[in-house]
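Next come two complexes built around chain A: one with chain B, the other with chain C.
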Partner chain A sequence: MSFFKITLIRSGIGMTERQNGVLKSLGLRKRMKTVYHPVTPQTAGMIMKVKELLTVSEVDTPLTQKEIHEKRRPPKGFIVENPLRPEATAE
Partner chain B sequence: MFGFLRPTQPLSGGLLWKIPWRMSSMQKYRHRQRLRRVDRLVECVDNALAKQGMTAAAVERWKMEMPTEAEMEPRDKYTLFDRNAKKYRKGVHKVPKWTRVSQRVNPPGY
Partner chain C sequence: MLLRTLQRTLRPLTALPTTTTAPSLLRGLTTTPHLHNLTTTPISPITPPTPPIPQQPSIPHQTGTLNITTPTAPTTPHPSLALLTALKSQPAQYITIHIHKFPFLVTVGDLVRLPFRLKDAAVGDSLRITHASVLGSRDYTLKGSPWIDPALFTCRARVVEETSEPMRVKEKTKRRNRRIKKVKSKHRYTVLRISELVVKDAPVMAAAAAGEV
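Moving on, here comes the complex of A and B:
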């Protein structure tokens, strides 16, 4: 099963009630928010309603909100060569 | 009469915004990028559905009715029909929210 990875890149401010409703039902509240929805005609119809505001790509597995957040985290800037407790860093 | 005391319309009347008559080349460039982005999105959605053997009415209708950026004539890309405008055409940048709406086809004959 594949998924649409949908990101809101243009704001919905000032767009029609209907388009803002579609954004809300897709779960897109602010710009640069990414959501995953299964590939269905229903989702496709919703995407088409607000196609000027989104970027869409097809992915095999959806990421959770936590995983998206972790991906966006900048590098820590240091590497721990000899961790005091190896089992703690392995997690 | 000169410099900052010049009685121009914005200075004497307050807020005055004017939209230039024609689009700049950079505005046109960005507009083309936006058109292409929508084309890419529709293509992506269509491919994803086709892999599952499905279709969506909205996608099919868009593909049937709307030309892609490459198929569009410059005339349709940058201007649109307006019955009140001279020669029935005005710049697409005069449309409210023009960077976030799709305006691709015009009445036949105009």
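Moving on, here comes the complex of A and C:
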């Protein structure tokens, strides 16, 4: 089963109630938020209602919100080394 | 799994400016020649080494392992790393470290007050820096794309202090309204002391020297 990767590129401010309702149902609360929905005629219809605000692509596997957040997280940049606390060195 | 891309410099520096370069070429060279960090791809027994691919800056380096080529075919290091020994031999070096992607240009002995409290480290812990984008000295600069191979340097910092700013109070109110809301702030910060900065030799040169001995 394939999925739509939907990202809200343009804000819903100033859009009609119906369009904002579609964005709410898709789970797009903020600009640049990415959600994954299965490819069905219902989802396709919702995308067509607000297609000017979105960027859509098709992927095989969806990511959870946690996984999306982890991908965006920058590297720590350091490793804690402490001979007094060996469990810190193991991290 | 890790793909290390080779990035050609726009003006390849094959020799030190003081020795054989003609005066007309010297005028074109700046006093701080910029080297792009280039690491050799690890040569596996099955696949041949990949040719250099000129493309956009690459995947960040994940581990600190050295890219040592097979001992049967010792090769010279990439020309861009040829000036690394010159950088190392200069009396002082600086490095731009990245902690949670915040850049800090530091040298040995610097006190760095981070704009946040490091939750991972307690006072007295030693941190080994893994991500750096620029390593330089007075006359030479090594730029990573986007990071420098951690095998080329060692940088350690000690957590010296966990301090906080003085309490500040923000008064929030509207005009012609006597109600004042007070919001307190007292942010905490971690202070690091850079205890060590060592530039290492380019990995292939070290292997060749070990092979000669």
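To be clear about the criterion, the second predicted complex is superposed on the first by the 78 of 91 C-alpha atoms of A that agree within 3 Å, B and C clash if a C-alpha of one lies under 4 Å from a C-alpha of the other, contacts with A are read in each partner's own complex, and residues count from 1 in each chain.
In this text, contacts are C-beta pairs under 8 Å (C-beta built on N, C-alpha and C of every residue); 3 or more make two chains touch, one makes a residue touch a chain.
None of the values given here were measured: they were computed from a predicted structure.
Applying the stated contact rule after C-alpha superposition, one finds that A:78 touches chain C and leaves chain B untouched. By the touch criterion defined above, A:40 lies against chain B but remains apart from chain C after alignment on the C-alpha atoms of chain A. Looking at the superposed arrangement, the partner reaching more residues of chain A, out of chain B and chain C, is B. When the shared chain is aligned, chain B comes close enough to touch A:48, but chain C does not. Interface of chain A with chain C (complex): residues 74-82, 84-85, 88, 91. Residues of chain B touching chain A in their complex: 34, 37-38, 41-42, 44-45, 47-49, 51-52, 54-59, 62, 97, 99-102. Across the interface of their complex, chain B is touched by residues 2, 4, 10, 14-15, 39-41, 44-45, 47-49, 51-58 of chain A.
Interface residues of chain C, counted against chain A in their complex, comprise 60, 97-101, 120-122, 124-131, 156-157.
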